[in-house]
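Labels run A, B, C and D following the written order; every chain starts at residue 1.
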Amino acid sequence: MDSALIPKGVKRCPFGLFLVWIGILQIPFLIGVIAYLVCWGLALNQTYLNNNYPFGLWIAADLGIIALGGGAFFTAFLRYIIKIDELKNIVNFATVIGVMCYAAALGILAVDIGQPLRGWHIFWHANVHSMLTEVAFCISCYFTVLLIEYLPLVLENREINKFGFPRSFAHHLHEAMPAIAAIGVFLSFFHQGSLGGVPSVLYGRPFAYREGFLVWPWTFFLFILSAMACGPCFTILITRITETFAKKQLVKRNVIDILAKISGWLLGGYLVLKIIDTISWGVSLAPSVGAPAGSFYANQPYGWWVLITEVGILGIIPCIILLSTRARQNQPLLILACLLNCAGIFMNRWIMSVQTLAVPVMSFDKFFSYHPNWAEWASTLMWVWLSAIVISISYRYLPIFPQEKELNPL
Amino acid sequence: MKLDRRGFIQFSLGAGAGITLSPLPWKLTDDFSIWTQNWPWTPVPRTGEVTHVNTVSKHCGSGITLRKVGDRATKIEGRKGYPVNDGGISIQTAADLQLLYGPWRVPGPLRRVGKRGSGHWENISWEKAIGDVVQKLSDLRRKGKSHTVACILGSDRGTVPQLFSRFLKAYGSPNFIRTASCDDTYELAMSLMQGAAASVAYDLEHAKYILSFGCGLIEGWGSTVRVIKAHSIWRSGNLKERATLVQIEPRLSNTAAKADQWYPINPGTEGALALGLAHVIIKKSLYHTDFVENHTFGFEDWTDDSGRRHIGFKRLVLKKYSPNAVSRITGLSAKKIVRLATAFAKADRPIAVWGRGKGTTSGSLYECMAVHALNALVGNINKIGGVSTLPEVATETWPKVDQDHIARTGSGMPRIDGAGGSRYPFTRYLPERWPQIVNGHKACLIEALLVHEADPYYTTLDSAAVARAFDRIPFVVSFSTLMDETAYHADLILPNPHYLERWEDAPTPTGLQVPILGLVRPVVSPQFDTRHAGDVILTIAKRLGGVVGDAFPWEDYETVLKETIGDKWDTLEEAGYIEEADYTPPVWENAFATASGKFEFYITAFEQAGMKINKDLQCLPHYEPAQPEGNPATYPLILIPVELTRLANGAVGNPPFCMKTLEETELKKNDLFIEVNPKTAAKYRLSEGQDTMLETPRGKARVLVHLFEGIMPGVIAIPKGLGHTAYDDYLAGKGVNTNSLMGVTEDPISGLSATWGIRAKLTRV
Amino acid sequence: MSTTEEKEKTVAEGEQETAEHAAAPEQLEPVTWRFLIPIVLFGVGFVVSLFIGWVIFPKIIYCEKHQPIDFSHSVHQEAVDEGCESCHFFREDGSFSGIPKLENCAECHEEAMGENPEEAKLIEKYVEPGKEIPWLTYASQPDCVFFSHAAHIKMAELECAACHGRIGDSDHTRPYQCNILTGYSRDIWGWNIAGMGKNAWDWMKMDDSARMKMDRPARMKMDDCGDCHEKRGTSNACFVCHK
Amino acid sequence: MKEEHGHRPGKKTYKYGMVIDLDKCTGCGACMVACMAENNISFRKDETNKLVSNFWMRVYKITNGRSFPDTDVCYIPRPCMHCEGHGHHHHTPCVSVCPACATDYDHETGIVSQIYTRCFGCRYCMAACPYHARVFNWWDPSWPKGMEKYLSPDVSPRMRGVVEKCTFCHHRLQRARNKTYSEGRREIREDEYQTACTQACPAGAITFGDLKNPEHKVHKLVEEGKKKKIAFRLLEKLGTNPKVYYVSTKDWVQKAADVYLGEEGKPVTHA
């Protein structure tokens, strides 16, 4: 019954089935909405955040999501600036994913702050010295950019495209895309870095604090690199998931392979730097404040295993897979690599935000462990479900995968 | 059609432009911003003229300055230059405004409706309320049952307590009871050993070596601020000048933590240690020869007129309390005992202080005497940095009460607590004993009970027995300002104003060596329909008429106060206090009003009072092991109640601010923590925060375990001051009342409670 | 879509439109006024919204209240000899008494001193029952603001009028306007609804004497305090004006 | 950045700070209560979870981690350190990170402010402060009926969702200024500006004043303490450069001040 809206030459599941699918996604989504209302209505005592853990799941998730969303800017960068043409077949989808990631980032901040109605003070009374200000500005700017990148896709919907104006507008946008992408890329490079700065300028927290290059601590660059390394993997992951649900191939494997390979190299580079950074921190910075590196891993659940898992299992292993052509070609292995890589980034962001606060600084500080409560989980995951809904709709009605027709002739 | 669409667009473009060029969006943004910054439900305190007024705190006798904004009291601060505290303030006093303005105040006269303790009250007029009391009391008096009326007060010093005791005298009852404190024992010890009719005073400020037998000096012994200030003096100057504080206690209390040396000994063996130290001092003849030889009696063996030989303190101590013997009792090595004794005796200005915790329990007389004997040995009695008797600022005496027949017979009757009788001739009050006696008789011993500035229902040992005793008292009247447990279980509440709303005199705070009279004055307008207890007593007496009425010639309490202070009034009102700074205690020659006219190691008073003394031992400071209640087999551990600085455990409940300052290892939600040594814990497989059942012969309670290295293995400590049932849920329902776990162990010679702990067991739940 | 298409369309629409306006026979010179339509429509929208923004909006956002008593500053100024500080005095601790309490008024107005009906009102409504007068404070700031009169009057030696305008010479109390959203007096935002103009940023440039000529007080928003502090080289740290 | 404000040459500046004598401090807690009463700090029925309860001044109870009977306990009162943030980037840790300029370092007084109406509760400053000196309003503050009566108009009550902290009783400085100005003076005398905790402390363990002024007690105490090697600051090594000094003759306490592993490799612990 919605066939008129569905792109020409492609097949979609029956409308009823589609409704059921959306309906199912609605349920967890609505629970998330309730969590939001609870936190806004009854204040943040409804979470497990406390004075020792002013940052928790929300901030960690924010850092993680933005890193994953890095796929959008990086693919755009490769497509429009480095001009790797194959990538035009996946850049649309990368954009859709990016839009949702950044929407989530902003949405989560809106519940994390204590006085959401005053949130705009961050722009109105901005403190240029604060990493958070930098982040806020870049994120919101880049979010607009992503929307602009997403808009032509919407306009290319069959029905909308009938009207002259949208058509031409979409057309012009497409022409402007490289420029827009360039802006986006610039913004992203910046805020991905600033996010790295967020924990690392805290010189009261020796676990996260880093010296650096000019005003930027080393993590500034680590974050950029890691975002570029995992972004594409996340894009691949979501693409493959979509394919599974769509029960058809949507992107040619060579396209995916390019992304995977690049991702592998970057991940490798990142790991090298990360290891250097960790070691130099361990031998110079940590001791300089009177605490052997070991004392930072003294309290469970934040023992040495954290570092090993993050760098080893979730770093080196996927890196090897992505770099070896044969392993990469093996689809299950590729998926595994992508999964590990994304998990690794998430873990890294959690460590940089939450473990930073978990480590007692004053010698007589008690260690307290923190785990998010239902409200934090529900409100964070809400964005996963919402993204699923948006992606489903976009996939159904918008020409996102240029190769779909070719790969699945009717 | 199309035109309309375009037209609309053009119109809205214009509108948009117009609005943008109008203040509307910009101003709205700004107003919205302001709106989000001042929520209507966030209180905005009223401003006004700031004034400062001085008065005296009833908690610790400190001078305080109230900061007022308009008619509102906004802050209590320590009064600069006040002799007791000079600017400092105690934690409870600092939070007092919460009690003044708090919902736990009794709003006006209340009469019980429904079951007692059900918390159902009706507001009645003062007329009616006082009418009820007068009715009841006159009936009893007519029936010749005047002696069945009792009063329980927190103190017997100052005009208001005096009015109560005078009332009983004129009315015809001997039953004026003061709630328990170390004064009970000290007054006894001082009267027996020095023939003085007052409690003790310590010149802590000038002492150089302070040997504390379980005194919670820092926790709030005597007048909190004053002692802490003294401690600061000990800690001032260069390290050599500094005084030495030695704490003897099985637990690392605040005082122990601040002490230079902490000697944990088996609980309840303080007396033995004191005698052990005496042994060393005598043996090494380090004692003050002049004082001991010329101004004491019963040090050496002596023969009485009948030619009977009596052993002296010296022989007794040398015979029975050798370091090794004492070491076996106390668990402290003989070497340490010798070292400690030597250090103490050789120190310049040593002083031995006694009175467990904050001094809210009476304790063993012989133990007190043993410690006091140490002071005698080093001859610091009435000396600078030594011990003297609590001095008071002299005030006018009241006209004698001329009693009628009923009054005479009534007040001639034996006291319901058995104090002052043939068995305990020297004891004045037995506040922990009356519940058993009341429960022990079929007949109703107390027909009417008046309670003022005390919370016996909460503070008396063995809560279960106390509750039963209360049930057997048909008429209970509380004068409480706050809805405390006693008020909650009373039949009638005649609320006294908060001390910030009323006049009263504040006599020398406990343990202070200088006579000080403070003036408590109304600095806040009355917040509720309250009436001064003094005035209420006057009215009751007048309404009863006859001799009772005649005994109270003053028309109101203010007159009583003014006339009592007499010609000093103007000075007092002007300065807010009178301090006789140049007071010095009498010299040894005329310091002792005992039969021998000397300081008595050997108490002669006992025989004179016709007490059956079969052994000299009974007249000398000695150690009588006071075994804690309970069978060691079933109750392997020893539970000691401890007092915390930040937790008020007296008649007044802990204010919310102070509750907030409790450590997370003292209270968690509504459960308190007991302190357990990790070794003990390991033995019973208990871990930090463990949910545990604490059981004693007197009761059981659910508690949490806190592992603390500062407590002696085998001993567990539980904080006093929790487990309130009245007040408000800022305080009520949190933790347990230690008194519900404790029983009364009577001191054989004084009849006072010598309870310092009880046997207990822990089982995981 | 190309621009030529656009034009054709417009014309087409135009014709159609006139067709509807059948009452027009002179179809020969149709273009003469048609081009006005968009401008007119735009203009209408523009004017209407300007009107709303400048005239109606202020009426809505501010509600007007009147002082309990129509007080004449000028009359009292003559009666007293210490100027403003006779009634608006400094206390010993340097704090400022602000609007006088009833007792201050009662010092003179124990009984009526004249026939003035307002005075009569004062006496029987407030002095006799001993009820404080519920004055509406024009210059009251939000609770988060700390303002020291001592600092401004005693130290900086500013004239009262520098901020409060010539209220001291007024014969009647002007209506008090209260912002329905924030609940604050209009004087804070300033009487120029645009938050600009003579009373706003101009007054910073004026010397005190000029400033004193203002009949209405100056704007009293954070930026104004900030500007003046900047100008006079006084600290602008947060806690200087916040509590 | 508000930090530069009031940083003007030729202007008399103060450097207010504290010296706390841990030998004298008895852990009685009067400072905490005095602070709560002075600064309209809210309280709730259950305050036993210290992670969400509101303290500007918090007294820590620490032990040396030795076993009975060698255990020792020390009390460490902890107000806001009002860090000068020397060393690293000359920024107070919490000030430089605030995205909305809701807190600043006043170079005229050395006091770190907190503006509740500007703060929107991102809590970045709390993450930046290693002393836990900053607390968040997890609840909307409320007072039992009648108790608003004791609220002081000098300190603005906070709302939910904002961060607050010790201000060295800045309103008392304002009071002192009012007084001096009305007396035509500019200099504020030592006794005219004292914090609530300093005044309340029965032990006289807290001394407050201008660290730069050699006439002031704090200055003398710091000098003397440094000479005797008994003065120290918390987490000196981080370079936060706090303005609160501590004095203790106990060796293990001095060590505990810095990130350090105590006797037998056991860290000193919060008792």
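Everything below uses one rule, namely that a residue touches a chain if its C-beta (ideal position, glycine included) is under 8 Å from a C-beta of that chain, and two chains touch if they have at least 3 such contacts.
Predicted model only: the values in this text are computed from it and were never measured.
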| item | value |
| --- | --- |
| Contact-richer chain pair [A-B vs C-D] | C-D |
| Closest chain to the centre of mass proxy, which here is the mean CA position | D |
| Reference chain A; chain at largest CA-centroid distance | B |
| Centre-to-centre distance between chain B and chain A (centres being mean Cα positions), rounded to whole Å | 63 |
| Chain A and chain C, separation of their C-alpha mean positions in angstrom | 49 |
| Where chain C and chain D are represented by their mean Cα positions, the distance between them in whole Å | 41 |
| Length of the line joining the C-alpha centres of chain B and chain C, rounded to whole Å | 61 |
| Sequence positions of chain B contacting 2 or more other chains | 37-38, 42, 44-45, 47 |
| Where chain A touches two or more other chains, by residue | 115, 118, 124 |
| Junction residues of chain D, two or more chains touched | 2, 49, 101-102, 117-118, 140, 157, 159 |
| Touching residues (chain side chain A, partner chain B) in the complex | 115, 117-118, 124 |
| List of chain B residues in touch with chain D within their complex | 37-39, 41-48, 67, 69, 72-78, 85, 87-91, 94-95, 97-98, 100-103, 218, 224-225, 228-229, 231-232, 235-236, 239, 252, 254, 257-258, 262, 264, 527, 645-646, 656-665, 667-670, 677-679, 708-713, 728-730 |
| Of all residues in chain A, those that touch chain D in their complex | 43-45, 49-55, 112-116, 118-119, 121-122, 124-133, 136, 198-199, 201-206, 288-292, 295, 356-357, 361-366, 368 |
| Partner chain B, residues of chain D touching it in the complex | 21, 23-24, 26-30, 32-34, 36-38, 40, 43, 45-50, 53, 59, 61, 63, 65-69, 71-75, 117-118, 140-141, 143-153, 157-159, 196, 199-205, 249, 271 |
| Residues of chain B that touch chain C when the two form their complex | 2-3, 6-7, 10-19, 21-24, 26-28, 30-32, 34-35, 37-38, 40, 42, 44-45, 47, 49-50 |
